[in-house]
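The structure is given below, and queries will be raised subsequently.
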Amino acid sequence: MINKTVQTVEEALEGVSSGMTLMLGGFGLCGIPENAISEIVRLGISDLSCISNNAGIDDFGLGLLLQQKQIRTMIASYVGENAEFERQMLSGELEVILTPQGTLAEKCRAAQAGIPAFYTPAGFGTEVAVGKENRSFHGKNYVMEEAYQADFAFVKAWKGDAAGNLIFKGTARNFNPLMCGAAKVTVAEVEELVPAGALDPNQIHIPGILVNRIFQGRDYEKRIEQRTLRNT
Amino acid sequence: MINKTVQTVEEALEGVSSGMTLMLGGFGLCGIPENAISEIVRLGISDLSCISNNAGIDDFGLGLLLQQKQIRTMIASYVGENAEFERQMLSGELEVILTPQGTLAEKCRAAQAGIPAFYTPAGFGTEVAVGKENRSFHGKNYVMEEAYQADFAFVKAWKGDAAGNLIFKGTARNFNPLMCGAAKVTVAEVEELVPAGALDPNQIHIPGILVNRIFQGRDYEKRIEQRTLRNT
Amino acid sequence: MALDKKNIAKRIAKELKDGFYVNLGIGIPTLVANYVPKEIQVEFQSENGILGMGPFPYKGGEDADLINAGKQTITSLPGASFFDSAMSFGMIRGKHVDLTILGAMEVSENGDIANWKIPRKLVKGMGGAMDLVASADNIIVAMMHVNRKGDSKLLSKCSLPLTGLRCVKRIVTELAVLDITSKGFLLVERAPGVSVQEIKEATAGKLEIPVDVPEMQF
Amino acid sequence: MALDKKNIAKRIAKELKDGFYVNLGIGIPTLVANYVPKEIQVEFQSENGILGMGPFPYKGGEDADLINAGKQTITSLPGASFFDSAMSFGMIRGKHVDLTILGAMEVSENGDIANWKIPRKLVKGMGGAMDLVASADNIIVAMMHVNRKGDSKLLSKCSLPLTGLRCVKRIVTELAVLDITSKGFLLVERAPGVSVQEIKEATAGKLEIPVDVPEMQF
């Protein structure tokens, strides 16, 4: 067993620096790498390009990096729910590259799997397709999209073992598995870190080969964006 | 819950006919849809194109279809271990399209996921790349490969529920998950069929949306090709 | 009388067929889940990674790890499954989802849809909408027939940046049910008490009006 | 004296580094697993869907659902995982596997490899070999220096249909360890008791011979 465990978030983020391209898992605030985000804030690095489906809210998630003006380029599919984001975008401080959600997912997966490019119907005939190869297969039109290239991927899993194997929970899975192995270095934080052999090899969502460093996360807030209830 | 259960293998294979393109899961004899293969033999249909990593052995797996001369075209990555196969191939009765194993897997996955084509480095500069688009990304050469188009996919899972959700076991997973939803109709046979709700939704390998019919398989032989033991 | 949002959802629910996997957009489409006919079984897919989505949880049953695409807390039903976003959009692009119901800012008479961007206004992004409209064979749009200024949103050509081309099949508004055909918008049903003339006036694109236009039934 | 297959495997095992994920081909490469230095940790990947592959099972411990790429019954080690073939080749194409060790029929002085097809003979297929050689940054070939007829298999140009282009980094034969460089085959080590002259005679491609060619150490 190859041990991927690191003891601290500082150690986990060693090598992250200004100007890098980062992938961050999560959908809204669900399944975001809270510990890594806090540490990036603490490191005070800037000029970052962030690939993440959303941009957090004002005071949580990627919103914390926006507050400190650490992000130069945001690559996302949906960026509502964030006043500071809007301000920076409208003022031109922040570059925003909007990408269809399925394309964003597949561009991560392509990077993970060594596929340099693929075709998708999403965005054909829209401004998303401008400047990209358009091509027809079997009478339907598609756009060519290329794999992302990133320096670090930060993901959050439910359980993980020392070998770096990961299991996600519910819809907190989302983009996290696709970003594993999609950047030069993948850092996984987990709610529960167990010894190798404690997880059923049949139930592992992401094999440890796609994870470079794993650590036991702390103080998860797991904030709920839209607490919606049924009447009793 | 949308119920995908059918009671018999006959019902499961309704609509399969001569001249069709079939996908069949399994690696060697591991994880092959034994019940579906037996039923195809019984149906006596022919002129089939079969997409499967291997072609079975003389008296088991796809070898049973070869014995009856039901296969016209075999699309596979490795076809050793089968004397009748060799005879038919050398005599020209059987057309064989050899495809790199990873490309075969990805062409199934592309069909499942609505990706019409993708680029892979596998086979660049070899006869596999002849007649296909060759293209360079970031200084490396790739070959364009298109998604498969098939009529039926036959897969074998370990456990499944009435909603068509599937869980595979060990290395019997292989190509089975990738073929689900990759053909017009996907038929899953399982060793153990349970009611919807009995499987943990976190542990499902293939969601039921990718399966059209599911049935409780019978009399699994699960033959071992190379029983290799350690000395005690 | 023009329908309210609930009744638009109720009318759309009649389009559901037994065995359908359905993706519901945010807004009116979400309400459709409340009106599934009892005699049929459908399953709801949420593109953030669940199939077999159930209703909102009771108080105390919320789970931060279980939300829908609108980031609302939800529950899962027996037979549900969780999966990653690549698998989720694989289902969508691979045409495994049978019906997509979503909102729109504009629809054109050839089925183009615009629902993600207003130039010079704040753009929040397309989310999964471009994937959904480019992939689905069966798209129903739930929308208001006219905007707040009273301008028609059913146009000969969309004025806003497109989300997808020639993809909408059917539109349900507060006034009518319309299909996209080679001749433009075909008036299929009108809301109870709404006249053909009213619909005609509210539709800027080409409108094909059959001799008999029945009222919607609920 | 020329090495036997076990010693070729033993020499290759010295190339393993702590933390390496390794894919072993059928034949001599499989034997490498027996000689992993005790002080390092490596994990073996088998492209049919397992990481953390262990030794063959004891009698009674065979499981038909647990085999390697050679279709042999195997076991799994603590920390192992199972996955589908797309994920498996994603690991390979995505360069997550650190070292690939495989056999060859021919290797050329520029690193081309031929190991899947002999024209006019029965073709069994390339299996995963084309994916492996096209993807791996670190490929070691385990092979015999000459074929049964005594012809060199280390050529200036492969005569057989290629499996991959310019991909081999190092070759270990019964006679020598050689690297592929811009100047052709570079003689790195010779088998104990084997002379440089013997290696020279057995190598058809361009051979670069340093002043000092040490004997292999085991």
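Labels for the chains are A, B, C and D, by order of writing; each one numbers its residues from 1.
Definition applied: contacts are C-beta pairs under 8 Å (C-beta built on N, C-alpha and C of every residue); 3 or more make two chains touch, one makes a residue touch a chain.
Because the structure is predicted, anything quoted here is derived from the model rather than measured.
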Touching both chain B and chain D (chains): A
Path length in steps (a step moves to a chain that is touched) from chain B to chain C: 1
Pair exhibiting more inter-chain C-beta contacts, A-C or A-D: A-C
Relative to chain D, chain with the most remote C-alpha centre: C
Chain A and chain C: spacing of chain centres that average the CA atoms, whole Å: 29
Whole-Å gap separating chain A and chain D, where each centre is the average of the chain's CA atoms: 36
Separation of chain A from chain B, taking each centre as the mean of its C-alpha atoms, in whole Å: 32
Centre-of-Cα separation between chain D and chain C, whole angstrom: 56
Multi-chain contact sites of chain C, meaning residues that touch two or more partners: 50, 76, 82-83, 86, 89, 92-93, 135
Sites on chain B at which at least two other chains make contact: 106, 109, 113-115, 120-121, 168-170, 202
Chain contact topology (line, ring, star, complete or other): other
Touching chain combinations (by label order): A-B, A-C, A-D, B-C, B-D
In the complex, chain B residues that touch chain A: 106, 110, 113-121, 137-138, 140, 142, 146, 167-170, 202-203
Residue ranges of chain A touching chain C (in the complex, touch as defined): 27-31, 53, 76-80, 86, 89-90, 96, 98, 100-106, 108-109, 120-128, 158, 168-178, 205, 222-230, 232
Partner chain C, residues of chain B touching it in the complex: 1-3, 109, 111-115, 161-163, 165, 181, 195-197, 201-202, 204, 207-210
Partner chain A, residues of chain C touching it in the complex: 46-50, 55-59, 62-68, 70-74, 76, 82-86, 88-89, 92-93, 112, 122-131, 134-135, 161-165
Residues of chain C defined as touching chain B within the complex: 19, 21, 41-43, 45, 50-52, 76-83, 86-87, 89-97, 135
